[in-house]
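The chains carry the letters A, B, C, D, E and F, assigned in the order they are written, with residues numbered from 1 in each.
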Amino acid sequence: MTVHLAILPILIPLVGGLLMLLPPFAGVERYQYRRVAALCLMLAQIGCSIILMLMVVQNGAIMYAVGDWQPPFGIILYADQLSAMLVALTSFLGLGVTLYSFAGSDREGKYFHPLVQFQLLGIYGAFLTNDLFNLFVFFEVLLIASYTLLIHGGGKQKTAANVHYVILNLIGSSLFLFALGTLYGITGTLNIADMSQRVAQLSESNQLIAQAGGSLLLIVFGLKAAMLPLHFWLPRTYAAASAPVAALFAIMTKVGVYCIFRVYTVIFGEQAGELANMIQPWVWPLAILTVIAGTVGALASQNLRTLAGNLVIVSVGTLLIAFALRTPEATAAGLLYLIHSTLVTAALFLIADMLGQQRGKALDYFVVARKTKQQALLGVLFVVAAMAVAGLPPFSGFLAKLVILQAVTGTEQKIWVWSVILISSLITIIALSRAGTTLFWRCTPSRDASETPSVSKWQMCATFLLLGASPLLAIFGASIIDYTNNAAAQLHDIPYLIEVMNLEGDIQ
Amino acid sequence: MSLFWITAILLIGVLIPLLTERLGRTVNTIFTMLAPAIALAYIISLMPAVFAGEVVTEYLEWIPSIGLTLSMRLDGLALMFALLILGIGLLIILYARYYLSEKEAVGRFFSYLILFMTAMLSIVLSNNVLQMWMAWEVTSISSFLLISFWSSKSESRKGARMALTVTGAGGLALLAGLLLVSDIVGSYELSVILASGDLIREHALYPVALILILLGAFTKSAQFPFHFWLPHAMAAPTPVSAYLHSATMVKAGIFLLARMYPVLSGTEMWFLIVSMTGLITLLLGAYIALFKHDLKGLLAYSTISHLGLITLLLGLDTKLAAVAALFHIMNHAIFKASLFMAAGIIDHESGTRDMRKLGGLWHFMPYTATLAMVAAASMAGVPLLNGFLSKEMFLAETLHSSALGFISWMIPVLATLAAIFAVAYSLRFIHDVFFNGEPKDLVKTPHEPPRYMKVPIEILVALCLLIGIFPNFMIGGLLEAAASSVLMSELPYYSLSIWHGFNLPLLMSVIAIGGGLLVYAYRRHLYRFQAQFKESDEKLIFEGAIQRLVASATSAHDGLNNGSLQRYIAALLLLTIAITAIPLINLDTAATHSPDQAVSGVEITAAIILCLSAIATVIFHRKRMVALITISVVGLIVSIAFARFSAPDLALTQLSVEVVTVILLMLALYFLPQKTPSESSPARVVRDVGIAAALGGLVATINYAFITQPLDSISEFFLANSKTGGGGTNAVNVILVDFRGLDTLGEILVLGIAALGIFNLLARVRLAMPSANEHGLAWSKDRHPPILAIISQSLLPLALLVSFYIFLRGHNMPGGGFIAGLITAVALIQQYIAHGVDWVKPRLKVDYQILIALGILIATLTGIGSWFFDRPFMTTWFDYFDIPLIGEIELASALIFDLGVYLTVIGATLLILASLGKLTSSHRPTSEE
Amino acid sequence: MLDVAVVLVAVMLCIALILNLWRLIVGPHVVDRILALDTMYINSIALILLYGIYNQTPLYFEAALLIAMLGFVSSVAFGKYLLRGDIIE
Amino acid sequence: MSFTVELIISVFLILGGLFVLVGSIGLIRLQDFYVRLHAPTKATTVGLGCILIASIVYMYHMQGYVSINELLITLFLVITAPVTAHILAKVAMHHRVKVMQRTRNQHLIETARMQLPPENDNKKQDQDD
Amino acid sequence: MSILSRAFARLLPMPLHSLFLLIVWLMLNSTTSLGHILLGTLLAIVIPVLCAPLRIPQPRIKRPFKVVSYVFLVLKDIVVANFEVAILVVGPMRRIKPGLVAVPIDLVDILPITVLVSTVTMTPGTVGADISKDKKWLYVHVLDMPDNEQEVIDLIKQRYESRVKEIFGC
Amino acid sequence: METLYVICVGVLTFCGVFLCLRGRTFSVVVGLTMLSYAVNLFLFSSGRLNLKDAAILGMSDSYADPLPQALTLTAIVIGFAMIAFVVILAMRARADLGNDFVDGREAPDSDKFIKPNKDKI
């Protein structure tokens, strides 16, 4: 089975999700069956991804040729430290989401658990595949699952947000195909490693065409990642989604970021001659503007979910800054930040939901409302999440931001990056302190709280799981930074990729 | 035991009050004091070593790769601060036991307090700047929690937020500054940094680093112009004020100045910024304190003033000044803590802190009054008290400063002026509260506080006296140790004694006391003068500023994110155009490319039809039905184009997909408005035409650019291996089911999920159906024309046969599971159209959901099957068998995979239609005509 | 001779298609447009068959068959829509 | 390929092409929808029939066996074309599409539209006037 | 015996239909190989069984051979009339005198009526526009109406309806 | 031929994009459909235009590039699924929001509608 380890993260949720559509798991009244199945599936995925990570660390990157068709011809799954890490992160998040949904949100609509599985599958696939078109397919899988999950639970807001989300992404998918057509049309291959070799050998005019194709990809990935000015959809979408779905979406933007890292490091990386760093001039300002846009949005937010959504945008901007720095060190810093921001923003969505449950009609809006039933518990969770997300010590956010600040070299870059990141942190602190003081402390005289639902044990379990990762990330920072350093180095090591793919001498 | 244990014990100490809360206040207090007491004892045990000049350092690796270590350092400076933090902290805990009422969350309060103490102690004991910064930020957070302890009060929340914002901002600047310094030095270890003063001062980035670090220090220590947060932090319970604003929080900034003194001081810049800031703060604080009617307000501004004094001393940049600064740090902490506590008692026992209401309390609480008077005298700088000593050193140092050139005389003058104010406000504190008439409108009759509530004040006041009288004995060693760790060189000569003879500083002191008395006596004139200026509430200004920030953020955000999808799409497309056009501008269109292939009239005709019908769709898009017809033509021509360009599979797929899409669109159209009113402004149309044209041109350009280039692709491999490796002659199909089977698996998964999603979308929606078309024409009464029904049912078997044929031949000829599935689906749709859902549904007892799941599962399991032959996922198998009479037949696993595709397509398509049908079939509500 | 005939017929079919499109665009009634679309389907079948003859390949027969089937379904669906609004009521 | 075969194919092709063309010309020229309905549905079926025959003959000569699967297309068209025409006529009647002035028995359109039996003759006379 | 025949009836509800499917299968594959005959037979049996639930029972064709002659008759009429229509279409428009007629029909079942309507529509010059609800009247649009509309009615009734009646034996 | 082809792709893109920028769901859906035609043709042409030979082995000596065909086929199917979803979403939006504006704005709409019932399933 370990031979097939690289594809297991895709197959487990696929088969599991399908089985949940069949008897004895299908049917409204069989939800308990589905929950058990979902839990088992999540544990299996976590186990599998951890083994994958260990294997990759021990034996180097894994190349899995689907259908036994060797590169560059067949579809190749490529698990290096980076993708293995992201798969593990995703499965961990998936467990949190699944647990949280057990509190009852999984019964607000049909197919919740299968759809979560399919969504995870799409994300795993996007992380694992080394084939551009296959990436497109996995993108579509994760997108269609997200479209469907977004309307889970129903309601006006969800529908309205979904209309925007779906239409924008459909246009994005079209651009993806334009880009794929261009890149295949000029390089004649789809394998990312192979394309990286071929791009380097293009004639001058063909390089320009490849550049156009590559630039189109930035739009596609930027849209998924919510890079400015492609970020408009995000706050509304995430705020509308039901809590576990919003939490799951926390990884979705990271898929876009991952693709930017992967594609522009491998295909249009240092070896690409004229095309090396071609999108840098765009990403630099856009990344900084993204942070600014997210920060402004955070300050303007009227409720906690929107605030969390805007913080997702901030995190994306920060990650893009890490990308724009172009060094393995910065990449490593970005990866740490990626893990941190995914888990913490996900937790923030869950906290917003629990708060909303206890504040009656006011939900998580920043208005005077009745006091929450479990003030202390929710307060502690909120403070930890807020500190983590604002980058205050001793939680992971501080570490992640610190590493990014350290990775900046060059005075001019320092001026920009440091001031943007630090001022954004400050404004985040302002926004979160305003939010927190209103949510927890500006209360109407408390009425009988007996009807207010308490936080269920599943919700608690899930939130602790996701939020608990933050201090753990800080405590075990040394080994995690070690890992991200290696992962970043591996990502930047193109010859290694070519070697694993057996592509040496493929092109004379 | 090691220094780490102090942190560890205190961290445990954070939890103790929460756990022991139920045991009652007293027990809770005792348990809470345990951890600080142990820590204090340990620190005291290290005193001899430090006095001997030793620097106790300890080191623990955390994340060495980023320079983050757990690194401790106990030198004289740290020792002095640690003693203050822990000692006064213990007294505060005892005091708070009586200050807080039974109803309040005492456990939580103590927990925050210990957390704050831990953080504060970590700042001073840190030997790593990053670690120090972490602790620095934790003090901001924990002080936020402490200030807002009475969270139901608006002023508490606002005061806490202000403190957090200002100190948080400073903290971030500090981080940048520390990172810069560490970058210059190449280490985050304080020991290394402290040894690299010259390197830092000579570096080009020194001014930046200095300003950033000073921003951190000044915000924390409430230096002008960041002083405004401190008075509003007085909304905190008094123990908090007594602790944070005497010995700890605000002293963190001073500590930082002292800590970085060896590496940052000694430059013109340091002198100018630090001393001027200190001087302004000193004067301003003292002056404003005069006018405060709130006891705590007075003390707050006095604190600001004294912090300014210390800053000024550090800025004067002489060794003696530094010593004086350190001395005053201690003295100020001691008398200010006791004053705050006294103010708390007054507030506690009389119900107000307003000096206009208070008065004559001497009669009610003579003991407390005595204590407060001693402490206030120390604050005023009355001889025999500790405040006098350090203030005199300060006055002496101001005389020695000559760095401002010919206006250097201003420093001592202004310092004396500030001292006059200090005497005046101290006097007011005593006189207005304890004497000067009777109390007015008090809610309760004041009386002495409980016995042990006075103990902390007694201890501190005793210290004031003892230090004031026996300075050398009491703190000589400590001051020396602290001074040598700040100066890091030979100590200057100084003498800690009460009497230095008649000299200029003494004269200044005398002037101060005399002047102070005069100022207080004629304070009414001063008040009248001050009344001309409108009193500004910093809280309102600050909140206003924040609210303006939020409002401008909101308007900026809402202006940009106006909820218009059109704008978002336009932004997306404009970025696309911008980013792709740039390489294309440089593209030499005349570059080498192969000439066009010949074009025939048929193709031109097809192109004309395609373009015309596409444009017609745009023109007719508001007449929706017509748009559907024209887009059908587009679809038809696209299919024919695929056929023309040697892609029969594509032609077949496009055809069937196109028909199903149009049917779906028609189904939706029934529930949507039939027509769109004209609502785009001409300007909008022009803009959109511009965007569309630019993108269309761009796409065409890119397409032309590569389509005319020769292609060296991996496709040869597929053609070569299609038959031998994949077992089929239709290379396209073999790619789909074999070479790139994973794509196909994903593709049918997408289709399946889409169907499930559509089911979900429609599961809970009930749309009313229009009973007439857009012209008000009622629908025909003939629901199911019988002729159509008959013909449709006779076509079904034929269609099934054809679909099976297409399915089976797919591997070798155009066709395959997908097209076959769609043909079947379309044939079934035809039955729906002819007979209606109500008729078909009970007759077609298939669970489409199961069909979809089974389809994808079959495809997946086919792929997994190859594991049993030790092959990667989706490795296909095929073979040819010669069967008697029948002849050679081919069996291939790809066929099973394709069967999965086939089933999924049928299931998905029909699930969509069945869900749609459910909308309209039974008990249909109709809207009135 | 056959080549000439094929070209001739191709020209005729093209003219026919253009005429269909003309009717489709001018209408005047939607049902005219549907009729034009239906005719276009049928003429396309002719064109594809002609192309098969021209290119000497039977590969496009299925496409023609499919147009025959699907064209019918789509015309009927359009008709049903105009009659009843809901095509699969 | 012998001349005769080529001739047969060509004749059928051109005949088919002509009928297709005539049908489409009719679609343009004829003056109301009901009349237009006659042209393409019929002319094209015959036209297509001829082209299909040409195709069958041609493929027979290409491949050596009678590939009569083109007949299947004819079969489909024969079954479906009348239904399409029938439905479109229903639509036209339902929408009261304008009918040529000189059409006789116009009142029958309304009767057919309601799917009623024709009414007595005197009423018919009235309407004709 | 009865069980057998019932089983047979269930397995092959429409033997003619099945035969037709088999033939079409062989046409599609352009082959008469044994394998395809077997496969075709299987399909010819399975498909009608699958489709059976979606069928509205209709009268059987009683005289299959009449079908052949009917087909040829209609074919001939189509070809002949097509030329007439073609001339009309190309000629001056004013010569066209359209009109509607109501044809009384005697057929009862919907399948024979469908056959009749299809025939009428297929033959150029006439379009079966609709049938009355009671299925007793067929409304026909005539492209070029003779002066005596009875001619059209007679043509439809005698030339086509009678033959359809014979085929279905009613 | 190539010029003609890319003009068609360009025109389709133009029309699709223009429709995508309209304010009503239906127009946008039609635009997306149109855009997907353009995309499919574009992707397909990355294998170059082969006027003679389909990628069916044994039918001729040289073949069209089968890979873009397979990719386009996958793209068509995925596009179909997406369009189907967005069509139904448009209906749902009409039901939930009472109009068919893409921005979900509240506008008076002549047709009455029934809001979705909120009971759990």
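Quick note on the criterion: contacts are C-beta pairs under 8 Å (C-beta built on N, C-alpha and C of every residue); 3 or more make two chains touch, one makes a residue touch a chain.
Values in this document were obtained by computation on a predicted structure and should not be read as measured data.
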{"item": "Any chain that touches subunit D and subunit A", "value": "B"}
{"item": "Chain pair with the higher count of C-beta pairs in contact (B-D, C-D)", "value": "C-D"}
{"item": "Most distant chain from subunit D by Cα centroid", "value": "B"}
{"item": "Rounded Å distance, subunit C centre to subunit E centre (Cα mean)", "value": "23"}
{"item": "Between subunit B and subunit E, centroid-to-centroid distance (C-alpha), Å", "value": "75"}
{"item": "For subunit E paired with subunit F, centre-to-centre distance based on mean C-alpha positions, whole Å", "value": "39"}
{"item": "Inter-centroid spacing, subunit E versus subunit D (mean Cα positions, whole Å)", "value": "15"}
{"item": "Per-residue overlap in subunit A, given as positions that touch at least 2 other chains", "value": "109-110, 133, 137, 140, 144, 147-148, 151, 154, 163-164, 167, 171, 178, 181-182, 184-185, 190"}
{"item": "Contacts with 2+ other chains: residues of subunit C", "value": "13, 17, 30, 34, 59, 65, 69, 76, 80, 82-83"}
{"item": "Numbers and ranges of subunit D residues touching at least 2 other chains", "value": "18, 23, 25, 37, 41, 45, 67, 69, 72, 75-76, 79-81, 83, 86-87, 90, 94-95, 115"}
{"item": "Which chain pairs touch, all of them", "value": "A-B, A-F, B-C, B-D, B-E, B-F, C-D, C-F, D-E"}
{"item": "Subunit B residues touching subunit A - in the complex, by the definition given at the top", "value": "61-68, 130, 133-135, 137-138, 140-141, 144, 148, 151-152, 157, 160-161, 164-165, 168-169, 172-173, 175-176, 179, 205, 546, 549-550, 553-554, 556-558, 560-561, 563, 565, 567-569, 571-573, 575-576, 579-580, 582-584, 586-588, 591-592, 699, 702-703, 705-707, 709, 711-715, 717-718, 725, 738-743, 745-747, 749-750, 753-754, 756-757, 759-761, 763-764, 849-850, 852-854, 856-857, 860-861, 864, 866-867, 870-876"}
{"item": "Of all residues in subunit A, those that touch subunit F in their complex", "value": "28, 107-110, 133, 136-137, 140, 144, 147-148, 151, 154-156, 159-160, 162-164, 166-167, 170-171, 173-174, 177-178, 180-182, 184-185, 190"}
{"item": "Parts of subunit B lying in touch with subunit F, wherever the complex brings them together", "value": "563-566, 569-570, 573, 596-599, 603-604, 607, 610-611, 614-615, 617-618, 621-622, 624, 627-628, 631, 634-635, 638, 641-642, 644-650, 653-654, 657, 660-661, 664-665, 667-669, 671-673, 676, 679-680, 688-689, 691-693, 695-697, 699-701, 703-704, 706-708, 711, 713-715, 718-719, 722-723, 729-732, 735-736, 739-740, 743-744, 747-748, 750-751, 753-755, 757-758, 761-768, 770, 812-814, 818, 908, 912, 915-916, 925, 927-928"}
{"item": "Residues of subunit D touching subunit E in the complex", "value": "18-19, 22-23, 25-26, 29-32, 34-35, 37-39, 41-43, 45-46, 65-69, 71-72, 75, 78-79, 81-83, 85-86, 89-90, 93, 100, 102-106, 108-109, 111-113, 115-118"}
{"item": "Subunit B partner contacts - residues on subunit A that touch it in the complex", "value": "3-4, 7, 11, 14-15, 18-19, 21-23, 26, 64-69, 72-75, 109-111, 114-115, 118, 121, 125, 133-134, 137-138, 140-141, 144-145, 147-148, 151-152, 154, 163-164, 167-168, 171-172, 175, 178, 181-182, 184-186, 188-191, 194, 205-206, 208-209, 211-213, 215-216, 218-219, 222-223, 229-230, 232-233, 235-236, 278-279, 282, 293, 296-297, 299-300, 383, 387, 392-394, 398-399, 402-403, 405-406, 411, 418, 422-423, 425-426, 429-430, 433-434, 437, 440-443, 477-478, 481-482, 485"}
